[in-house]
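First chain A sits with chain B, and in the next complex the same chain sits with chain C.
Moving on to the complex of A and B:
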């Protein structure tokens, strides 16, 4: 297999295939920068061009988009507090406060390095587990998946930073909003008030932008100051950020490993994975007093997970034809277009070179995307120095039109404003916006998996080994978190941090 | 715990309590399989909201507003909030009434010139360049602008 891997690497380093990969990376970076577009839009845009290409070039192109998208979506998340994709919401939590403190360069440096390492780790996992992963994936049934959502929800207490009751209520409110629309278990439409718009539920991208971006926009306009409170040396710290990431090898490994593992489980979802990893990182840290106020570990962990998840998501997609996300669904379409049928036979000797081209493309695309983002960083980070009233009108147009893309009705923008209203009051009354988003993201899978578990196993699912193992992990995490001392919160930061 | 924050928190908790009670009541009309999850969330939410309301009331009774000196969410802040949210809502109105191609430049020019009080040339230039970029995105990517009644 090593011989074929080296051949695939040599095959990728031809001008034609590298050119396709670079094109994919550039498209991926652009769609990541524009909130609301995302990797699916980029992949769909280039899908028609894939037809007739040789499979290696086609995969280089598509993997380029897939890998780069989650690297550049950090720019809006860190610099203006707008998640470039739903998954970048967790990066906003500490990246944006760092930008406010004049450390945008450091946050971006750390983020890009973590993204690259995470992406390479994800590719390594994909390479290593191709022949072995089938039994592990099949071992995850709905009871285990339900317990994984519980693991995510258990992070709410830490995201609420001491205000556990408010964190819990915010998460419950998020879960309640996630039940709007058609029910998963029976033909019911819940809380739709007869509106066709609500029958499909509220889109996560719109909710994340409303909760994180709108309150920041209003406060920036009110204060009419630049995002960064520190105006000198805003773009400095690139290497410091990279060093921050390298100083936390355990964190990068743990976050990447979790990202790849959770990404390999169909249905967990990218945004849920980032929040789970962020919450666990905060909970397992000795000093967690700075989380949500500008802790560099809060940037490193979700970014590493974000990119390693792509490698993980490719495992079920390639081996079983099960897409774990919209992006992998389009990728599968691309594979079929070039004449390759996803499934267990994909790891046969005949098709292995194409799979290994995917693995290498993932590695090279992550390195290329990081290099490009590093070189753009100085230019883009200066956004933090523009006064609020000069910057926000343009950002609001971008956000409003980005949420319009989800269902293409004006109701998307109306809902953005309504939830933004809630977000602003939540910030100013000390409620955790992160807990709300975690509840919203994990509510639907929690309901779906619990319902399937009950219908299929009654209560006997509670004694499944996987369930017990994850339950022990949840208890361990809760116990480890509660035994650690919490520093008292800094009073004034409550109102300005990205809660 | 700060009193201004507690006051606002109390208002948010009271509103959430109403929402939770309504959600629980409404859930009675769903089929069994769809009912239990929102009902469970509504019950837990109602209890938690009541706990927060009690905690906030105790904080308000214990602390004096004059003692904390933190940033107050006063009438001025709320007025500013309403003003800027009004501007945001204005874009929605223009998009519905005129569509993206006409609504965005009008709103952007008006905001930059009268809301942000920037120069005429910057306001005009900003509106034109942004609209051109949006048209480019719309032509090259799967990016849609609200068509409005004129279908533009």
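Moving on to the complex of A and C:
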């Protein structure tokens, strides 16, 4: 096994494959950097070239995009408070306040280091777990999956920062909006009002942009000041950031592990994972007074998780052909184009080299992406110093284009503005946007798996051991939070914008 | 000479210069046109698609089955169509492929420079008369169709030993894990109902892969798969006695339900019905079944031009498809994807489409009643 692994690594270091990998990383970095464009856009851009390539090069190319995308999406999340992709939403919570305090360099340094470590961890998990994966995935039945979504929802209590009732309402509103479109288990359309645009529901990328980007744009324009209040040492502190990450090895390990596990379980959904990990990190920390105001741990945890999740998501994709995200769906399409059928036999001896190429590509792509981001950091971090009225028009055009390209209907732009308006009111009246997004992404799987559990087991699913285990975990999370003394929410500028 | 005059003169010189350049360009163009004309004369006629681009519209987001098929076909067609037009793919997802297909009919030029790939879900939305459907396949010109039949099987733990047992008493209640009582699952469910099978349908799964896992972990004990995954992953378990195959979906060929070529051992639902009941599988209910099979299995994927596309475009595509199917290298690539099914063309293609677009009024009525009664469909009256 080890010699095949080393052979695959050597195979990756041929100029051709390394070139494809680098191209993938560059494309991934660009689409991650532009708010609203994600890995799916990058992948579909390069998919036409995949046809006819040798499987190893094709995988190097596609994995490059997949890995790099979640490294560079931190830039806009930290620097302008706008997640570069839906997976970077939680990074905004603490990264953006740090940037406002002039610590953008430190936040970025910590984030890139965490991304790299998380990505490598995810690759290691993929490698280690692949042969044992079948029993693991079969252990999670629909009732357990439903409970996992509840675990995710329980993090709303912390995301709402004291205003629990408001947080819960925001999450419920998110769930309500997620029901728009065709119902998961019956031939009905809900809240579509006869419009074909609404039949697929609201796309998560658009909702994330509307909720996080638009309100930020409005406030930046209104203030017309640079984002960072401190202008002197904006780019300093990169090594300090890296050290921050290395000083929290337990946090990196826990977040990466959780990211890989949640990624591997089909049905949780990539965009929810960074929130769940963020919420749990904040919930389980001894001192959580700084979360939401610029705690470096609030950057490290979701960034480690959203890169390790890619390794996890590849497991059900490769073994069962189940895409856990849009990116893995396109990746599966690419695999089929180069003549590889996903399925259990992918782990057979004949296909092992390709799988190992995937694992190594993940590792190398994460390192490359981090190196490139580190070297670009000084340059990009200066975005923080540009006055709002010069910066926002460019960002707005980028976001509008990105949102429009998914379905190419004007309704996308209209929805962006409508939900953006809602987001702006939410910010200024103290409703948690994070709780809203968690409700929005976890609503559909929660409904799906509750429906299935009831249909299949009536109420007897409630006493399954796995269900009880997760229920205990949820109670633990909730209690761990409330046993500690809760400070009343502080309504300062930083806090309000971070919501 | 005054200053103004001088100025004017300079302007004139510039204008003259520009005119000269324009003339030279025109001459050059004329020259090219003349050469083109000469070449055309030599070759009788330039291919319709020479120098043109074709947009292959995929009404789904990237990554799905139709998208993969389109991306597989594009480079082959590019080589095979006379004139070698470059073919690019545009994804226009939304509305379960209805939005993109509506767009194809309403907005794209009808000159053969845009073609559409449709899939079973597009066809079943059409057959089930989804209110959002604004297109009619009658107004489109089919180019080629790809059939993908499938198999239905159960765990041996159900106590079922042979296909006929499925309609009788079983050791454990039969459960089917599906996405939604529409689209792909519907024709499997209808076949089970026609056979008189007592089963519980559990909906809410995210897709075929998700339903397969539900089968593996025992949440369901009836499952279906298309032919290739069945042969690769399920057949070994059939041989070891863990899984019992029940039937294939069948394919509608010239109006009749025939066995799937790559699954020759499996009976069609109609054959199984005749074996169980001793009665012929006929009547509007079986026509309704064939309607669903025709639209979802026989025409699992199809390529379309607009119905009023120029004859030259249609000819070019026919030649291109012919070449793609006969050229050994292209055929090899294609066969890996087609899972042993013969692409539908000409009369066979037309008959599959006719089964979809011109069902008998009784069959359509029966299907509507069935959907309303059994699956709570609401049809606008």
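Here, the second predicted complex is superposed on the first by the 489 of 499 C-alpha atoms of A that agree within 3 Å, B and C clash if a C-alpha of one lies under 4 Å from a C-alpha of the other, contacts with A are read in each partner's own complex, and residues count from 1 in each chain.
Definition applied: a contact is a pair of C-beta atoms (placed from the backbone, for glycine too) under 8 Å apart; a residue touches a chain by one contact, two chains touch by 3 or more.
Source: prediction; values computed, not measured.
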First (chain B), second (chain C), both or neither touched by A:451: both
Partner chain(s) touched by A:304 [first = chain B, second = chain C, both, neither]: neither
First (chain B), second (chain C), both or neither touched by A:175: first
Contacts of A:191 with chain B and chain C, given as first, second, both or neither: first
Touching partner for A:408 - first (chain B), second (chain C), both, neither: both
Touching partner for A:214 - first (chain B), second (chain C), both, neither: first
First (chain B), second (chain C), both or neither touched by A:199: second
Which of chain B and chain C A:141 touches, first, second, both or neither: second
First (chain B), second (chain C), both or neither touched by A:425: first
Touching both chain C and chain B, counted on chain A across the two superposed complexes: 44, 183-188, 408, 447, 451
Residue ranges of chain B touching chain A (in the complex, touch as defined): 2, 5, 8-9, 11-13, 16, 19-20, 23, 26-27, 30-34, 37-38, 41-42, 44-45, 48-49, 51-52, 55, 70-71, 73, 77, 80-81, 84-85, 88-89, 91-92, 95-96, 100, 104, 107-108, 111-112, 115-118, 122, 126, 130, 134, 137, 141-146
Residue numbers on chain C that touch chain A, as the complex places them: 61-64, 67-68, 71-72, 74-75, 88-89, 91-96, 98-99, 102, 131-132, 175, 177, 179-182, 200, 202-207, 209-210, 212-214, 216-217, 219, 228-229, 232-233, 336-337, 371, 375-378
Touching residues (chain side chain A, partner chain B) in the complex: 31, 34, 37, 41, 44-45, 165-166, 168-169, 172-173, 175-176, 179, 183-188, 190-191, 214, 217-218, 221-222, 389-390, 393-394, 396-397, 400-401, 404-405, 408, 410, 413-414, 417, 420-421, 424-426, 428-431, 443, 446-447, 450-451, 491-492, 494-495
Parts of chain A lying in touch with chain C, wherever the complex brings them together: 40, 43-44, 47-48, 51-52, 137-139, 141-142, 182-188, 194, 196-197, 199-200, 266-267, 316, 320-323, 326, 329-333, 336-337, 339, 341, 343-345, 406-409, 447-449, 451-452, 455-456
